[in-house]
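Quick one: the structure is below, and I'll ask about it shortly.
Chains: A, B, C and D, in written order; residue numbering restarts at 1 for each.
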Amino acid sequence: MKQNSFAVIGGDFRSVMAAQQLAEAGFSVRAYGFDNTCALPSDVVLTDTLNEALSHSFYMILPLPALAPCGTKINTPLYSGEILVDDFIKLLPRECFVLGGMLKNPLTEYLKEYHIPFSDYFLREEFAVANAVPTAEGAIEIALHETPYTLCGSSCLITGYGRIGKLLAKDLAALGASVTVCARRPESLAWIQANGFTASSFAHLEENISTYDIVFNTVPAPLFCGEMLRKIRKDTLIIDLASKPGGVDFEDAARLGLNVIWALSLPGKCAPKTAGAIICDTICNIIRETEVGV
Amino acid sequence: MKQNSFAVIGGDFRSVMAAQQLAEAGFSVRAYGFDNTCALPSDVVLTDTLNEALSHSFYMILPLPALAPCGTKINTPLYSGEILVDDFIKLLPRECFVLGGMLKNPLTEYLKEYHIPFSDYFLREEFAVANAVPTAEGAIEIALHETPYTLCGSSCLITGYGRIGKLLAKDLAALGASVTVCARRPESLAWIQANGFTASSFAHLEENISTYDIVFNTVPAPLFCGEMLRKIRKDTLIIDLASKPGGVDFEDAARLGLNVIWALSLPGKCAPKTAGAIICDTICNIIRETEVGV
Amino acid sequence: MKQNSFAVIGGDFRSVMAAQQLAEAGFSVRAYGFDNTCALPSDVVLTDTLNEALSHSFYMILPLPALAPCGTKINTPLYSGEILVDDFIKLLPRECFVLGGMLKNPLTEYLKEYHIPFSDYFLREEFAVANAVPTAEGAIEIALHETPYTLCGSSCLITGYGRIGKLLAKDLAALGASVTVCARRPESLAWIQANGFTASSFAHLEENISTYDIVFNTVPAPLFCGEMLRKIRKDTLIIDLASKPGGVDFEDAARLGLNVIWALSLPGKCAPKTAGAIICDTICNIIRETEVGV
Amino acid sequence: MKQNSFAVIGGDFRSVMAAQQLAEAGFSVRAYGFDNTCALPSDVVLTDTLNEALSHSFYMILPLPALAPCGTKINTPLYSGEILVDDFIKLLPRECFVLGGMLKNPLTEYLKEYHIPFSDYFLREEFAVANAVPTAEGAIEIALHETPYTLCGSSCLITGYGRIGKLLAKDLAALGASVTVCARRPESLAWIQANGFTASSFAHLEENISTYDIVFNTVPAPLFCGEMLRKIRKDTLIIDLASKPGGVDFEDAARLGLNVIWALSLPGKCAPKTAGAIICDTICNIIRETEVGV
């Protein structure tokens, strides 16, 4: 049945893994936008043409991000050719459902114009939660790699107690680090204490900043600049996990000789198999909810 | 300065502890609505009359709940006398701020009518978060007390992954229990897995319910009734932590000979000192936000 | 086959549970020294006479402790009658293996004289390790019950880092307590730090003792007496887990108005089912090693 | 006073860090056997001659290992010159105490002959315990780096429950991995269960080996060879932490295309600062015990 058929169009190793998981779950999966050398699993059919992939499928899976920076092509880092958004739109069957990550214009405009249902899995809360796991583990890998001492016994600061901050605090404390989390909202401070960590407000950050061996920033706001940067010890490692524009004045930090690592997109880099499984799981959640009309 | 003065009017041991903490923080604290035998700390002044307490204070602290069940008296379990809401209102100074828990009519109507600012600390998110700690510890104390086996090695189910479910899962797993958490929303299931527990949907609950040694319910909905109750093993302990009406058909469970404990208001019962400190902390948060005009 | 047959003679609920577990493992199990009201499981045969139990069995399971304080009777707290050691010895078949806890004279002398093989499961290291779990959980239950505050956020001291100290430190830290462990040997201090706790030497104990909310003693030596006792805060809870003579000068502590709880034999009291399973597991280990000639 | 003076002779970055820590603790520290470029801390005096370092010091700190493979020179990886053991011996003052790691002949023979007291810090139990922390963290860094999935949700096997196995099990479980530990002795199996992990005996290892994503071996015995190797999945990562000869038939594993990493000497590689601090701490313990005559 066509309703159980997926076309995975472009993407990196995460898309390959998502294709594999869908096939393992018993779905019919076609792929396009990958070179022959990509080692797709045997039960995923790499089609010769885009049309072949799309015309036999109901669910169209676009990568994360769905589009190349130019905005007119699908994002196909594992493909020596190219897929124009225009071509993709033209070849879409009348009945289909498009699922992609970070969907944007002109693609979404087209889809609306042609009344094609679509969903952006990147916007789903469970997607963000699940990806916080590889992000936290990636941050720990960086910390282990970059420091000449053990995390056990080290003094770590985490700024922000959102998804990544929560998991990072748990993991670092379990490894024996002394963990302080800096947050703004009273309920965040209550959670930090309830979980057994030291809670700190941003008001007291500057006076204590020199006591930390490692600083993990998760707040996408200019927190580490000016005076704050000058109070940080030279041997403190700063790992900035905040999405653009980040939370560190990188140029100033470089001038001061601080060791700052801006760690972006860790899930795809550190745990692409898990990241692909998360895409697959989120897609399945979206489909299930659509089916039952939630 | 009057602005730094508190009147603590009625309440149980939590109010006594809140009064003590406020006094230790350097505030001037008067108390009324407690018998002499209550062992108030020496720096809290137990006044002879209600007027004496109110007229010298700016912040009026009412207990949790603020009113006795009748609704016309302040809740004063540690006082052999009584305090009528009418009297309390009449004696309030023109300038004051009333802070209480579970405030309701006619008290709130009066306060609005007389343009007296007030705030219900029970409605604050950080209050609920902080109280989840003594609730989870109280639930663990019950489980330790009621079972002839260790939590280490036991198989525990938690239904619901809100504040209490989150802390309970963490604590039980740390003690060596195998922890399954049942939740509805995809992001809750993602969090459960991210934290290393087994996630289960309610759809599969009935078929697995007989595998659990202890069930902790935190969902205030009729979950454990009918067929579900009949699938629970006779030696399974059920601890219902959900507020009224609870999640268990208690009568039916009793008929079936199941061991159900409905554990309500654990913070005040198991850790009144902590519960009092939480009231004090939340009051201070409210006052701070009012001052800075947040 | 007789080699797979067990006689469980006397004991408390732990013996009942051990009998049940042996029966569930497929062995033939006879029991004697229990009243009819003991609710033995249906596949354990309560015999009418001691001879009936012993003559059909190869493994003779005595309780913990095996003997009543007088030394001449088997320890039978769940039996209105009595079993003389002399009778037990006389009725033992020529070929058998006696397993008991805290075996002592005259029983062991008899067994040696008659060349009857025997083993004391109480002396096995894995028995002691496994029983540290219910002991630690029992200590936590006491701490939860006796304190008006939560363990989360409390400051706990553990003296000694043996079996119980290790598990207690892990559990308390996981519940959010700040955990300091006091030990003597450098390798113990290294382990304490490796596990992420604060290590302290006994030399600094007295100067810091007033900072702890709860003290768990596991050292069977006179640690808490004289000056040390006088430095402990009146609201500190002391839980002494050390076997006789304990580590606290109880009389002096009582004079000082300190809250001391001497918690002995927690496994049998708090988790008899687990304690019975541990007896059963240890017996099976002993038998297996005897068979393979380890 | 000379008794408070140290000569740090040769070694890698760990020796540099040990020298720094000793200086920070207030001792007088001379160093020899390092190039000028080694960035020794300012309060450590890099002497021009070996004699200058030795003649002013009481405690002589040799590196880990103390000798170069040839056995006739001190191990000086950060020095472009060389230090002959013969010269070291000749220049030793009459009163001194030599502390080194993995001391062996001819050095120890000399020391005995000249009645010079010495101690091997590598043989101390607290040294081994403390070094298990950087070893476990190094193993986790390797696992994070080498796998395309997260440790959270992965299935990990640890063979052996000694120092490294204990810490690794704790850390991996805390990160959300499912942890099985394989051990031989009944008390080890009891500890594994008491700590909340899955215990497995070696008898059942081969039948379950294909279920694990990552295998951490800590047993220095030929465990992973022959049939066992053939049952391991091709995508399983094997990290061998056992000292020589290791626990894996590396050649056979390579033939089978298995991913095996033999991770030796992780403390010095992954956390040299911590490893240096451990040397310093152990030295201080030895000196303290010598002084008080323990």
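By our rule, contacts are C-beta pairs under 8 Å (C-beta built on N, C-alpha and C of every residue); 3 or more make two chains touch, one makes a residue touch a chain.
Keep in mind the model is a prediction, meaning the values are calculated, not measured.
Between the interfaces A-D and A-B, more contacting C-beta pairs are found at A-D.
Taking each chain's centre as the average of its CA atoms, chain A and chain C sit 50 Å apart.
Chain B has its Cα centroid 37 Å from the Cα centroid of chain A.
Counting only residues that touch two or more partner chains, chain A has 133, 152-153, 170, 174-176, 193-195. Viewed as a contact network, the protein chains are fully connected, with every chain touching every other.
Taken together, the chain B residues at the contact with chain D in this complex read 152-153, 173-177, 193-196. Residues of chain C that touch chain D in their complex: 124-127, 129-130, 132-133, 167, 170, 185-187, 189-191, 193-195, 282, 285. Contact residues of chain C toward chain B in the complex are 13, 133-134, 137-138, 140-141, 144-145, 147-153, 170-171, 174-176, 270-274, 277.
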